[in-house]
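Letters A, B, C, D, E and F mark the chains as written, and numbering starts fresh at 1 in each.
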């Protein structure tokens, strides 16, 4: 029996921490769908098309991973895709509480889909997209340790446009 | 490709909370091995044979779940069994920190095995084996809501022997 | 001696989780005042009049509960009402820290008023007004499990106006 | 309608932090019963009779507080006493999780009794009986800031006997 | 060898909690630089010049403390100043996680600079600039317990202008 | 002005995580005293003499670090040594709460000595002496990544004696 997992997020932009989680999920499931949230109310640095393209190019190396847009509730999207699980990364206690709350609510809506939590490599404990955007804003070369080269280039260019 | 998950624990005794997690894992993996820890230094209420028998009888309903004894490091056992993942239940923040620590250490030892975390049903948030043993000690009938009937019977008998 | 408790909040809108806490407080105190915060700086989905009306109708069943507007500091309001306590619900660790901080500050201002914390039923662990608004936005019927019928109707109508 | 609250604990020995919570409860309830746990399995510094006497003398100042022994489950004891609530002090996140778990389990057993949480004065944030026993062991005069004089004297005498 | 520490923040406005931490740092380091963040994206109550002047006047009593503006990444600023450490106050678990994340990221960027954490006096556990601004908004005299007199005066005047 | 820091612990045995913290402290203070707790009530794997010798040999590389025995309250020991600070490592939220409590109590006893918290390298997040002893018990070669060679050898030998 083939099993699919859904990994949702805003990916503004995708980081090595995300990719680390996706790689682990891709080892445990037959298919992984990276569900890029279409959320008009949340202001993002990159446009939806840019976020999609950066995610897709960064994940081209994985044969069983696919990026898709998701405009509704994640758990509904997962059901439509026939997914067995929603995958989330856990780094810290504060992640944990919010994630637990969302996972319980999602299960209340669609009982047969479980949320599973994976830990990224500890070198990504202190990594999130907002810190990456902050570093990029100040032109720190450190971003190249935390995002794929094409994402780093996109960040540099985006920041030079913003100024 | 068939995938196996290992769910380790002391199971002193097995509770509905454990069974809830095992059932979720059994939906996502082809095989689930319940690894009963052989730990001579930790004092348990039930003997190793009793814990094994109670777990096996409580899980007979699941065709792809098997109980085994594990006398060494869990992650080594998981490697020998060709497991893709170690499964752990997460209920609370204090669980989370200890589990994170163990999962990172296990990954350090055997890189290709990930720990995945699942949440039990919220009705089991307040359930653990030590509370069950406490309730049994005072003869509370509430234990029947939290353990299978054969485990409840075994607890009642054990407590009458202890006095 | 009669004792009054104050339960403050924005109630945008009132949920079954709020009502669960109010019911518990109403069993322990002679009077419970639900203090609806008048806060012009915080953008709400429902207007102040709508939030007031929904709370009042949802609480009509309790003979010793009254909804009032509160436009200043909660602890000052509680003093003016002769309250013995401020009641707050606790669901999660992140609630706990913020609540502790506010309770200590409130006590610093008015020593004789204590904050007491109550836990809602565990089925409301994953419930808050912002998740309800999110579900309503996507038209999920699940909202009817978490808010009174009149609130669910108001949410459906509000969302159809927003679009 | 008169309302009673139960405040359970081991009180080995009673500290100013406990008394602070009891005083707050005594302002909100008509009667407060301090339920001293009779627990043969837990090794205590003071005997049951000593703990009882120290608690009773330290609380003689409160007209509506009474110390009682409790040998079974707290929630059963509370029901027998016709209590409306069990009172617990909350100082820290780690308290919070354990307390939440116990409170949910207690409610499962006796639905009509709620647990309410109160915060001690912030000067007692760092106070617990085990730190007091540790300080007494090293003869630190600081204990007199944290326990009533009769408890401090009893600690000094107990420690001189232990050596 | 002389050692310098950097204490960064927005200081909108500086409070007694900040000053408590600065005083402790000034006892352990030869020099303390209070680095006032120049952050055009964050809306502050006081202008940059006002925040600078209030901090400088409130810290005039300390011979080895100096206020400076910092417009880039803190860790870069600390390196330019030849600092041995970045100092941060820790009051609560939620502080802790964010601070840990920032400290790890800062160390990744500049290895030789450590972040050290200090605890303010427990009377400042419930104090932060946003609560102070909230109290000032309602005209609470309690602010005078938590900020220097010149800051309290500035808050009163600012609030009368805002209305 | 020369400044001394005290770093207390049981060191059963000393690990690379401890050494990482000591190295950071040794960069910020003129002298670091590693205070090995003499605690007859706590059962340790290594004797006091063994723990002292392993710590001393593992720290021989640092010119300004010295190992000493401490048989009383740490904060009293720190005062006798004229220390400016007590140093503690922080890895996790559960560490944090206990540490905060001890630090506040210590400050209550000796006002002029602050506790400062440092973070070890993230590769030591999942490291503590009890995990090391557990790995050694099962003969895992992974211990050599987490303790100095002489400590690893001592662990191997100790475990062969225990069997």
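Everything that follows uses one rule, which is that contacts are C-beta pairs under 8 Å (C-beta built on N, C-alpha and C of every residue); 3 or more make two chains touch, one makes a residue touch a chain.
What you are looking at is a predicted structure, and each value in this text was computed from that prediction instead of being measured.
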| item | value |
| --- | --- |
| Neighbouring chains shared between chain C and chain E, ordered by label | A, D |
| Distance-maximising chain from chain B - centres being C-alpha averages | E |
| Same-interface partner of C-E, chosen from the options A-F, A-C or B-C, over half of the pairs matching | A-C |
| Chain D and chain E: spacing of chain centres that average the CA atoms, whole Å | 39 |
| Chain C and chain D, separation of their C-alpha mean positions in angstrom | 31 |
| Between chain B and chain E, centroid-to-centroid distance (C-alpha), Å | 48 |
| Chain D: positions in contact with at least two other chains | 93-94, 97, 100, 104, 122, 125-126 |
| All chain pairs that touch each other | A-B, A-C, A-E, A-F, B-C, B-D, B-F, C-D, C-E, D-E, D-F, E-F |
| In the complex with chain E, residue positions of chain F that touch it | 1, 3, 24, 27-28, 30, 84-85, 90, 93, 96-97, 100, 103-104, 107, 112, 114-119, 122 |
| Contact footprint of chain C on chain B as seen in their complex | 93, 122-123, 125-126 |
| Contact set on chain F toward chain B in their complex | 92-94, 125-128, 131, 135, 138, 140, 142, 145 |
| Contact set on chain B toward chain F in their complex | 72-73, 76, 93-94, 97-98, 100-102, 104-105, 108-109 |
